[in-house]
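As structure tokens, the structure follows; a few thoughts come after it.
Order of writing sets the chain letters: A, B, C, D and E. Residues in each chain are counted from 1.
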């Protein structure tokens, strides 16, 4: 049975039960790993595609900032090699390989480990939240994305094009730029969800089909997953803000406060959308009720009108020998007239009750 | 497809993805920008319409308070010029141009940055919440409204007319007067919403049409948006209260406490209205149920009354050769009498069950 | 359109927009103001009706406690005169005139300002919560009630009759006695609401009319208003408890803790009642559903019983020339017997389904 | 009108409005008061029934612990005498006489005052929560139960039988033993409520009568009352734990932590039961809906089957002179065959729709 | 009556009322107890099955870590003997015997007591949460499982196989390994619950039978029980993390933080599943409503179509002598044509209303 869409967010890759701590569950099916190193300072930039570990060691010696950008989890050995070279803690490296991790900021003595989650939007595909792992220390940063993608291209182009202040700041500013890119990726998603909700809100009122409730459920699941991710994301950003210099300088702290603000804005919109989703479900239910009432009213009007008339007709269809009315010359027209009167009376009663008005007339 | 009303609150203007921090998304369609400077002290007032930046620098030299009042975001260059002249942080200036920002109080070393949101009521237009940005430091304040409006006219007339104590106090009192005006603007909105709710409450009980639920949803969305804005607004006011002298003097702190009180009162009424909205939805649903029951009852009474009678009539409409009753001289009257008895019995049963009483009789 | 009852709690009197801080909205329609002064110490009591401001100044000189008791807001000038004489802050005095204020305790350097709310019960009138403003300092207290009433008569009689310890304690004990009287006034209201709820609970089960839901909504609104008042009331009492000596002595603090306890008990009962109200709405809805089911069942039984019989009768009412059964001598009795069998089978089926049992039989 | 069961928990005895603080509302109808004193140390026990106040004074002189156990509130004078002898604060003594008090721990300079609530289960009687008041100081403890009962018999038998460590510990251990007995009394109540809920859960699915919802409401009220009592009970226990030595020794603190654990376990089960109650209401509602659907389906099947057939029969019952079919020799059998075909088609359609399956068949 | 599944989680074993603190309720029916001791250090491992208490004392003398692993609560005397030998507090030992205890970390002067709960999954059996009690001090650890099982086999094999760092760390690392195994046991359970929910989500939309709601209720109960267990579990883990060295070394604290992370992830998934369960109930209810509407619509279409036609037929079945239409040669075909017109008009009306479309067509 195929997985229902609302449950896909909660599955986790993890090592087999009984593995010792720090053991890693490699996924052989993961795609290829792309990686490169960027070394920059105020004066210049060096970009090296897939350098050797010795090459990295040489780059770390030079002043400036070294950014190692790994995309894709296919090549586990590489990440472990990098982890050893940068003296990362094995538990932190293991977290890279077992997405989804809860977003968090973990300060270690020599480096900071940040886990963020970003939405991965592809046309017509359901929402996915990819894990972005970030390690940084004095003069270096290592970012590892779950899948190759364009998330950090804007950061790279700012460095290459020397736009903004990034080239004259340290690794903490680079870390800020990376998490800011991760948070910015939520805004197009919010717009897409907002369009879906606007459409569902209209349909729930006008055409309350089963499809509306199914799509509404799907949006609700996405919002729930986003809500669950953004709560710890905010905490992680505040944790980063609270770090002391030299891990986060005072200048960078102002920028991080701005990113935490954006994260809060995303969380606010998500929460508002969640209430909109509840409102759509309520509107749908009351539209369906209204529809059922209309059907019921039609049945009641027709049945209440004709059943008494039918009775009168059946009455004079009886075969008794002595039914004086049957022999009257004006019996038939008289009965027809009586029936018309009854029907008219019924219709006036129904009209007064408002059962003949069409539902559209009820709205101003 | 036109945007559904309940979603309009959550759209945000922001720079294109990949912009560097502090970059601003200018909106070419924004209307013209009006601005003026007011310099005052206990002895006098100078009002200058659209002064030059050099003129402002001269005014800042003089003792007293300089208030620069900018209305409309159309002229982005002006605001950035002012920001440079007053040494404002680029991230704070960027927030001015990307409404809606969450209300907040951000202390910088030399100035305080306050974001407030105020309702913009126009006849028959749906609710909008405009952003009011306020910067102030020693001897100066800069206010920037998202759109030209009369929000701060009362503050200006107090200064020009020397009413109250504003002329003998510093820039912190001016800041108080501005945020107080922003909060006061909520009270007429509360009255308007209260009138809408009173009307909806009556209609939900008396005429539960689809329009009631639609308008109720609209009010609910407005209340939700207000609720989401007032929570951080309160925090921002408390943050302002907590600032140390000289940013906020002890005298002004008492006034700000009063404004925080007003903000709390607005938030209380909003929360009460939200429960009223839930109550209206409940009343509506029970009115609709009642209505459906009434329709159902009518059908049941008519059908249960005539279907058995109809059966008796059909019975004696059969064409069997040997049906002795048909030949009895009193067969027809006897059957009519029997039918009347059955009908009377049914009516008495229905009456006892309470199915014949009109719903109005059920209320005392 | 008349104001719906559930909204009346949230209207507020306030100065016109644009008024300067501390400006007061006088209400010309407010009734007459009654006031008197009570000066007491362990040895004796002086009660003076509507003393002059000079007389009050003389009384303040003497040792002991001076209590000025103002009832009704009609005479704004008097209160402002008293405020000037006692050096009260204009913002605090303004709060007296703009009910409803949120209950609060505001310590000023020379006095304490307390706002409390008390229920005003009149027969058959809907619930109103009146504002009681209390100022007290060393050796004096000033109480201002929104409308003349008997709320503080018990405090006065304790002083006049020298009951309890009030005469030997200071102004802080008097302040305690006043807020204690304000909290005690809630208990009769709780009893009245409890009686209403007990009645509604029974009716919702036995006679679920529209009136029940309407009265239940009204009680819910009252409880909501009480809940919203009691939360800040508790905070205000705890704020009073936390004040340092000499504003609140250690002895009086024990008494205030007792009053805060009472306030908590009132809040607990209110919260319990709110859940009872939700339970009544649920019971009502399930009673209505049950009733609808009963109606539906009656229709189903009658229609399912007679429609098949009717068909058989109509069958033999057809006018075909060759219908051999019609000529059989026992055709008619045979058909009657067959109909009786069908009817009996149907009835047995309905009985087994439980559709013939009366709903009362279903309860043990 | 008799009090509805869900409201009985929220009535409170209190002095008449206007009483001075510490005044007591004696209830003349309260039953007789039983009391005794127990003096013990590691070496021996003395039990004295209804000793004189002088006798008590003598016992307090001796080393060891004196426990005065009062059962029933009928003899108010006795309690006040004891309060005077032990120098208890009048406000605390007043709380003894005005149940229900919120559970609390109030440290006074020379003694600790604890209010606990325990369930009083009698066969077939609705739940009552009795107040247990406990005062203890150095070398003495005073317990006052609202009604005579066996609650503290186990504590007494531990002392008399020298079981456990109670005889070698001080008055704080006795206080622990008393509150532990009060909390232990909740466990049998939890079992009884659990049995009720298990029964209701089954009935709601199988026989969703009105009685189920009524009994479920009653359990919900009991659970609500228990929830409201247990929250402050936990706080009171933690307050007791936090008291410094010598009021609570380190040894006794470990025991009190255990009791607080038990109280938390009771509160957890209560909260779980509250969710079970909500689940039962939901199950009931869906069972009733299912039942209504079944009734509706029966009506639809019968009516849709016979109404078209009836029409055909009525068609050939018309008395037109020129109806050629009527004269065909095989007209009648042909019509019967056509009717059978229509009926069979209908039945197949209904079967495909699943409207003929019995609801039991739908469950696996 | 058999216990309903949703209540089984809340039953607790406890000593009879009136037992003195620390008394233990032995359950004679409990199965046999298996136990063994493992002594290890970096150089080697000794495993001894059911050693004597003297043997244990000898092992404790040696450097390294001694792990005593007891499975099953049948042999109470053994546990009490061990408790005496290790100087455990009687209240802590009593907690071992009275499951379910709330998960907790209790530091005592010489040892730490941890209670954890782990799921016990057996095929087709409902969920059970077993209690795992852990005591550890310097150089030793004692684990007691409620029932024999394979929970700690992975820890044992890590020690025996010298995998990971466990052999070179102290008893605090062993304690970490044990609670980590307890938390890891939740992940397979989450997968099983996720599969159940995916199935229920599909069925609720496609085949909304009573069985779906019953199974959904069962999953909801399990999730509730898990939620209630995981909250204190997280607290217990954080409590363990907060312990000072030497109880928890800095190295082990990093590992415990990782376990607390896992526990949080489990709690997050549980909370997400709880919202999925609510969504399934909503989907089910709207599917049932849809189904009821479809049935109702079928009845309305059939009845509204044929009742008027039937009336016309009955009309011309009347036996009046003077009914001129009956004698017209084209009367019969004319009536048939009129009937066809009426029916066609009705069908067009129903089609326009959308009452003839099949519900599947409504979904895109």
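Criterion: contacts are C-beta pairs under 8 Å (C-beta built on N, C-alpha and C of every residue); 3 or more make two chains touch, one makes a residue touch a chain.
Being a predicted model, the structure only gives us computed values, none of them experimental.
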*Return the distance between the CA-based centres of chain B and chain D, expressed in whole Å.*
42
*Distance from the CA centroid of chain A to that of chain B, rounded to the nearest Å?*
26
*Tell me, which residues of chain C touch at least two other chains?*
292, 296, 299, 303, 307, 310, 314, 317-319, 323
*If each chain is a dot and touching chains are joined, what shape do you get: line, ring, star, complete or other?*
ring
*Can you name the chains in ring order, beginning at chain A and moving first to chain E?*
A, E, D, C, B
_chain A-facing residues of chain B, complex_ = 1, 3-4, 6-7, 9-12, 14, 17-18, 20-22, 89, 91, 101-102, 104, 106, 207, 209-211, 213-214, 217, 220-221, 224-225, 228, 281, 284-285, 288, 291-292, 295-296, 298-299, 302-303, 306-307, 309-310, 313-314, 316-319, 323, 325-327, 329-332, 335
*Mind listing the chain C positions that touch chain D in their complex?*
153-154, 157-158, 163-164, 166, 177, 180, 184-185, 187-188, 190-191, 194, 197-199, 201-202, 205, 254-255, 257-258, 261, 264-265, 268-269, 271-273, 275-276, 279, 282-283, 286-287, 289-290, 292-293, 296-297, 299-300, 303-304, 307-308, 310-311, 314-315, 317-323, 353, 355, 359, 362-364
